[in-house]
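Below is one structure, written out as structure tokens, with a few remarks after it.
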């Protein structure tokens, strides 16, 4: 009663203020800690003592301000941004062999091949011109082979990265599970777990950079799943992420015993998989078809005519034979089967030695839809567009999500982060107030002291 | 802020590359549609270059044929003159034999000319260019055509092809009578002169004259084809210029476009958050917002 | 913040004057604790106003029960004084830390908010 209660209030307040100052100091010191969220002191009335007098303020459990919706948005944007930038960088080496300035591209060597046929058509008996056609055909084969090789290399690079990123994600899942467990334990005991929450937030963002996932919260704490619901982390248990070779000789991704490869649609891992299994795999198939169909068309004309010695023409390219063989692997194995220019069937079947009418047929292939993509030029043009477009779109998305991330992170800073400016500003304001405050304290003391010194009798009630 | 800096840096790098290469589009991802169009334009350009090369090659061989036939015409004109001279009735047999000897020389020269080759291939053999088209029988001396009647065609423009040769049978033979050739006509004249048969000489001279007309008519092919090729080359040059101009619009750096690109980059920076945020529907927000 | 319940039985010198002073001091303490400079400054102003008022009317000292109330005020004031000195010291320490770290004091700082 009386002063004792007031002293109690004062002491409690002193303690509270000390803790507040500690919190502010901690905020400033942790300004750059990833995942750190500003803590504020939440004050509430302490439980009253028996006489009903207020015992002043107490410090509740320090809570983190956390806008989890914002966190989720940041993680989603992180996953998208990493996916796009990974696809772009993974595909980049491949587009160099399709640029219009690329020396010995498929397109330019095919153009030169038809030019060599045209030149030969003006003088079909000229040995040097016949040899020129063989050389040009060899360049076409080389172009197909080297382009296919670039695509294969890019796939293998992406595959290696899939393995690395899987291991990285696996490690993060385990850490998330452990942290999850600690949080649940602490919450059940009613204890504070702010630094664990910070840690979890940081781990989830790191995971987003590698792999996209869905989150559900439940009684066990956090559950992470793939986009189609396969569990990755449940409470304090993490499912092991591993790799297994598939039929194409590339690494698939498994969680527990389930193949989750096709469900990974975000992050660097998603990017390498998309690059490897969609863009590059499609490119490889299209290259094979292109090479196969081109070779087949040329061979068909070649075998319909007569060569320089009057014999029926034989296949110019190998593979494929004109009536057999499949397209798979054609681009990486196509080669010139003829050994001499005299084997080029310039003349029609049974035609005279100077006849060029079969050459005319072969030249006409340039403007015929002999491949799935149309004429040979159109087929190459389509491939150029598709690889350029895949990279261009990935770049656009990466840039856009990068900018969105910046905005989100700035929002996060204003909500969660510590602003040195704001803390410092507060301190200055208080500094300016102190002198005034101290003066008043002194005034009050004097005023009260005058009363007491006058020896006014305290009636005691 | 780091991301924005990266973006600004990238934009600056692109601008620098444009300046140094003179091209706005330096790789397919810069502008996939432009690159796709560009590779097709490159094909067109290569084709036009080849049409020009074809035209040059053909012009050479056609000119050779043309000048050869000019020599043939000169020889035939001389033979006609000799025939007229022999038929004028003022010659004695010695004179006629002398004239016959000169016609015989003309015939030999004619055989050589008919078997003219260019770069190892016979010009007047049709497409059987590996073998001399006119062969003299070692016993009878009769000269027969062993080539064929085929023509090669060569492309010199989009959808434009020209014949590259005229078979000997279309030059040295009478149009309505393939068995009557320059050679048979000349032989008739020689025989008539040697026999001193005046009306026979006149008749033979008439055949030679007809052959001359046939060669004259046939020769037109060479000159007119060369003219056609020359005209076509002007067109090819224009087409090449059109292609080059179009290619520049596709890929060249253009300050107006570059400025527009920079402005667009600024717009991208203000993309709103809601566009790509993906929030799982299952998340119970209340449990997250303390 | 509510005034301590014990004051209810003490008749104030001026109706509510010392009561209000106690209130203002308590509020100043609470504002320091909550780092609320606006509330802090407002509490100081109120204290100032009451003191000026009391100084103008010295007869308040002769009211019954004033001594007890005055003693309460004085005691709370001393706690507040200790708190203030602690706060001043701490504030200046933190400012030094910030300045040592190269952070310029926010007189004209510009920072980006999302």
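Letters are used for the chains, namely A, B and C, taken in the order the chains are written, and counting of residues starts over at 1 for each.
Methods note: a contact is a pair of C-beta atoms (placed from the backbone, for glycine too) under 8 Å apart; a residue touches a chain by one contact, two chains touch by 3 or more.
If you're wondering where the values come from, they're calculated on a predicted model, not measured in any experiment.
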Not counting subunit B, which chains belong to the same connected group?
one piece
Farthest from subunit B by Cα centre, which chain is it? Let me know.
C
Could you work out how far the Cα centre of subunit B sits from that of subunit C, in whole Å?
104
Roughly how far is subunit A from subunit B, centre to centre by C-alpha average, rounded to an integer in Å?
55
What parts of subunit B, by residue number, touch at least two of the other chains?
1
Residues of subunit A touching 2+ other chains?
407-408, 411
Can you list the residues of subunit C that touch 2 or more other chains?
112
Taking the touch rule as given, give the residues of subunit B at its contact with subunit A in the complex, in rising order.
1, 3-4, 6-7, 10, 26-33, 35-40, 42-43, 46-47, 49-51, 53-54, 57-58, 61, 119-121, 125-130, 148, 150, 152-155, 161, 164, 251, 268-273, 275-280, 282-285, 287-290
Considering only the defined contacts, which subunit A positions touch subunit B in the complex?
63, 66-69, 72-73, 76-77, 80, 88, 92, 95-96, 98-101, 105, 107-108, 111-112, 114-115, 118-119, 121-126, 214-217, 347, 351-357, 360, 363, 366, 377-378, 380-382, 384-389, 391-392, 395, 399-408, 411
Could you please specify the touching residues of subunit C with respect to subunit A in the complex?
2, 4-6, 9-10, 21, 25-26, 28-30, 32-35, 37, 40-41, 44, 47-48, 51, 54-55, 61-62, 64-68, 70-84, 86-88, 90-92, 94-95, 97-98, 103, 105-106, 109, 111-114
Enumerate the contact residues on subunit A facing subunit C in the complex.
1-3, 5-7, 9-11, 13-14, 16-18, 20-21, 24-25, 28, 41, 43, 51-54, 57, 407-414, 419-421, 423-431, 433-434, 436-438, 440-441, 443-445, 447-452, 454, 456-461
